[in-house]
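Shared chain: chain A. Partners: chain B in the first complex, chain C in the second.
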Partner chain A sequence: MITEILILGTVIGGIWALVASGFSLMFGVARILNFAHGIFFVLGAYFTISLNSKLSSVLAQYSLPFSIFLSIFLVGIVGLIIYRLFLSPLKEHEIMVILVTLAIALLLEELLLMIFKDISISVPSVLHGTLSFFGIPITYTRILALFLAIALLVILELFTNKTRTGKSILATSQDKEAAMLIGIDVDRVYSMVAFISASFASLAGILYSQIYAVNPETALRVLIYAFAIVILGGLGNVRGSIVAAFIIGYLQVATSLSLGTRWSEVLAMIVIISILIIRPKGLFGVEV
Partner chain B sequence: MKKNMKRYLFVAILFLILLVLPFCLPESIVYLLGLMFLFILYVVSWDIVAGYTGQINLGHTVFIGIGGYTTALLQNSWRFTNFMDFLAPLPPLPIWLTILLGGVNALITGLIVGIICLRLRGYYLALVTAVLPLICIQLVNIYSPVFGGYEGFSIGFGKSLAQRVIFRYYFSMTVCVVSLLALYFILKSKIGVKFKAIREDEELAESVGMNVVKYKLLAFCISAFFAGIAGAVAVHYRLTVGTDLFDIPLMLMIILSAIIGGLGSFHGVILGSVIIYLLKNWIIKNALGLMRLEFPDEIILYFLLIILILKAPRGIIAKLSELTRTEVSRVLFKKE
Partner chain C sequence: MFLLVVVVLALLGCAAPEKKEEVVKIGVIGPMETKYGLAMKRAAELAAKKINEEGGILGKTVKIVVADTKFDPDVATTEFRRLAQDEKVNIVIGGFSSGIALTMIEVMAETKTLWLGDASSPRLTAKVKEDYEHYKYFFRPIVANASTFPLDMIEMLDNYLNKEIGLNIKKVAIVRDAALWTDDVMQKFEPLLKERGFEIVMDVKVPKGTEDFSTILLEAQEKADVIVPILAHVRGDSLLKQWHDMKIKKLIAGHDLAAIDPDFWNATEGKCFGEIYTADGGAVATPINEKMIEFIDMYKKEFGKLPEAYSAYGVYDAVFLYKAAVEMASKAGESNPFDPDTLVKYLEKFNVNNPFEGVRGKIAFTSNHDLVWGDEFIRNYICQWQEGKQVILYPKNKATGQFVKPEWI
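And then the complex of A and B:
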């Protein structure tokens, strides 16, 4: 049981880390609490399914990887458009940002429900077969998911610390005015972060939907986990969020194995609230 | 003094219109208007915490839902079997009592939520309170033999406020008017001033000797109590209880109404909730029906909402009253 929790929890933790790092990045840099973040996750899976069914006759076996790449890009663009059109003019009104992102999330969810109906979907796996690890069979899909998640997080870390553009993101998150003074185009940074944040969430959604099933209402559950993780990890603290994502992942698998899947969200939320009562700024909290 | 007279006259006329209205309208619309009164109460009670003390509570629907489920379960006490067995053999209580108990239960919840939220500020407060209704929905679903799951359950026709819609309309109107009057006087009194002091500057309020903790908790308790009462009455009005009482779309409508009316303005918020409620449940539905369009009215509503927020982030009514300096708007939105 312990090894099972460790293995399954690491995979799901990797996926949550992708979701939460984007959510946290958006907050840390642009101070935007994006309630529409969960919908990017779901959109990724739906875009991939639709593109794959359209392209499979033309591209044959290359259709799936191509649709995955294309939909990650497309969801990134959706995130960018949402930021440019709706969030950028409202950034100073914090309640308005929450309201408008909530409304966008519900609107897109209703649209997905209208087009695809309330049916769960799964993205087909890129790899097939299983590997036995300490007597527990793991599908290659899960291993690939974990590998991709970690690779992307490492790339993000390198990008923000080593490249010039990445450093401008870091600078903006530390002090917006000072960043403007030294000539950083803050609005461009925000747009970039919106793109990265949405495309990370969509990749997470695609990976998740290869293992589990996704329907439009999953957006809300994902949002709960994203909240839980960023509260635990500290709002705007990307590294803290990644650690917290794995904690939540293990917790989720442990509860669903011992009490049943439906308890995992409740328990996660109760743990988070109790942590907040003791430490109001989260475990690795930073000043907001 | 003269201004006050005009104000009372306006309220009296409005009250008369509301009394006569059910005789001139078809029953389905009277039914809607009755629910609208309860919606007004949801919004005004939310505004106590959000508009007056300035804490963005995204979990207001918890209070509404707890009020609703309390009365629904107490009226159907057999549902407690195998869950809280000591409550199962409860004799049937009068409806007014269980509604009141719904309010009290919500108040206790409000106190607990208030205590949790005392140490949280800004975004953390918003996140934690946003999670609370989701926990409730999950719990309702886990114990579905008791709470009826996502679909909820019907409380039984005999548990209705009255058999005829028109009497239910009057009942919910009375509840609404009495509660609004109570809230009006609470907010008018020193308590309201202290709530506003917390919103303006918490540290300053504390440094002049105000007990900020006490008033913050008081705001949560008052807000939760009235929301619980409204939720409980709504259950007896519609005869069903379900997770829609907890759900995010309702919360969104509540926030939207308060914002359109202008946070922290008593009359504005009431007007805002009337506009949003009628827009959602009557105008958009009918317009879609007329155009024979087969898609959910929510889509239009969310779309309008997004446009609305973008175009007037400071509240529609504030904008309108700036534009039209008519007598009505001056009476209604007099700066307090």
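And then the complex of A and C:
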């Protein structure tokens, strides 16, 4: 049981880390609580499926990887457009931002339901085959998902700490006014963060739908998990979110093994409520 | 004043039966955003087209009116009422989801509308039995009563897999919809399993939208000899995909509604290979009789593909069943062969001794308007997915192929 929790929990934790890091980054840097974050997750899978079915006759075996890359980019653009059009003018009013992003999320979910119907879809696997690890079968798809998630999180860490653009993101997150004073284009930083945040979520969605499946309603579930994770890790604390993502991943698998799958969402809710009551700044949080 | 009362009474009570209709309106109701609803609508339109080409029903043109339940009981009742009162349809066909059908049946009783329903809960036809006068307008020709599913599944596990194929299945892991209808199934399935010497080692309920089955599959691999899905609201695609990818060493054999659809092979990238399932109401695109061959050909010609879901076969049969009942009533000299109360009597005449021949085989009603279950009638065939094809394994007189075991099991 312990090995199952460790193995399955690590993979799902990696996927949640991708979702939550983007969600947390957006809040940490731009103070935007994006309720449409879950929709980027499912949009990635839907874009990939649609592009792949259009391109497979032209690009043959390259169609799937190409569709995945293009989808990640396109969802990033969607995130950027939503930021530019709706959030940038409103970002000083936190409540308005929440309402607008919630409305966008519901609107896009309805659109997906209209176009693709209430059916779960799954993106074809890039890799095929299974590895047995301590008697637990792990598919190469899961290993790839974990590897990609970790690689991207490391790149994000290096990017923010080592590059000039990354440092400007960091500076803005620490003190917006001071960043503006030293000549950082804060709005450009926000746009960049919106793009990164959405594309991370879409990659997570694509990986998730290769292992499991998604349907338009998955967006809400993902949002609940993202919330539980960032609250556990401390709102706006990206590193805290990543650690919290794995904790939630392990807890999720442990719950479904011991109590049944239907309880794992309840668990996420319990985490949200109890952390908010006991330790509102999260496990590794800074004061909000 | 007296005159006013007469006019109102005439408008209220007698409008439908006394009107000399030039068209016969058939209401088709279902979740139209899903393939189950789409298949219903298309099949009904196809049936109407064929009937109209052949002169209609007693010379009247058949017209299909579509209503969308949106998988929501509130919308469903409003739409049912619209069909009955605004559209004044002669009959309603369709449904889907027992929870929703149980709310619509009240509108049916109130408006005295004939309804050939699609939803499998025993509670629906139990109402016909308990309060016949009130609920007699409900017939269920499209799917079997959920209480017969356990009979199919026990035949699958015991008679077929154990006795005929020689497997030694004893421990059963059940994965089922967290929904009303599976509770009904389990009520009968559990004692049946015990009676035949099986042991239920897992009974997991999964809510609609469940995608991650990995922990369930791993637990089942450890504890059980077979995984028995009882799924309709949760689609089996994701379960089968993970079962194949993780090379779970136990067979999947159960009642998986999604597996009946011809596109299931593609939807799972062929990972459903080896899944054994009961095909609800015999709704599998296999040439079991002339009518079925003709229907499949027409459907393919009209819509460019095989019927999307099981509901197509049942709804197509239901339209012709209605036509047959009206014609029988007319032949018997009934003054209004379209009257719902009259038609109840004639639909009931399709019983064990006088079944109606549909595309799926013989339709016969029990006294409480359920399908008669048995090898000679419409039944849930035991099928298996093999290399892109749905093969009927059992009963023997309908079998189109042999059982194949996936190599990793």
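Going forward, the second predicted complex is superposed on the first by the 287 of 288 C-alpha atoms of A that agree within 3 Å, B and C clash if a C-alpha of one lies under 4 Å from a C-alpha of the other, contacts with A are read in each partner's own complex, and residues count from 1 in each chain.
One rule holds in what follows: a contact is a pair of C-beta atoms (placed from the backbone, for glycine too) under 8 Å apart; a residue touches a chain by one contact, two chains touch by 3 or more.
Given the structure is predicted, the values throughout are model-derived calculations rather than measurements.
After superposition onto chain A, partners chain B and chain C are found to sit side by side with no clash. Of the two partner chains placed around the shared chain by superposition, chain C is the only one that A:Leu8 touches, whereas chain B remains out of contact.
Shared-chain residue A:Arg262: touches chain B and chain C both.
In the superposition on chain A, A:Leu158 makes contact with neither chain B nor chain C.
Shared-chain residue A:Ser122: touches chain C; no touch with chain B. Residue contacts after overlaying the shared chain place A:His93 against chain B, while chain C stays out of touching range. More residues of chain A lie in contact with B than with the other chain of the pair chain B and chain C. Taking the Cα centre of chain A as vertex, the centres of chain B and chain C in the superposed model span 70°, given to the nearest 10. In the superposition on chain A, no contact is made by A:Ala178 with either chain B or chain C. In the overlay built on the shared chain, the residue A:Ile136 is in contact with chain C alone; chain B does not reach it.
Here's the short version: in the overlay, chain B gets within 6 Å of chain C at its closest Cα pair. Residue overlap on chain A between its contacts with chain B in one complex and with chain C in the other: 113-114, 262.
Within the complex formed with chain C, the chain A residues making contact are 4, 8, 12, 113-114, 117-120, 122, 124-125, 130, 136-139, 141, 208, 211-215, 217-218, 221, 253, 256-257, 260-262.
Against chain B, in their complex, chain A makes its touches with residues 27, 33, 35, 86, 89-90, 93-96, 98-100, 102-104, 106-107, 110-111, 113-114, 220, 224, 227-228, 230-231, 235, 262-263, 265-266, 269-270, 272-273, 276-277, 280-282, 288. Residues 31, 33-35, 71, 178, 204-207, 209-216, 218-219, 235, 237-238, 241-242, 245-248, 269 of chain C are the ones touching chain A in the complex. Chain B makes touch with chain A in their complex at residues 56, 58, 116, 119-124, 126-128, 130-131, 134-135, 138-139, 141-142, 248-249, 252, 255-256, 259, 295-296, 298-299, 302-303, 305-306, 309-310, 313.
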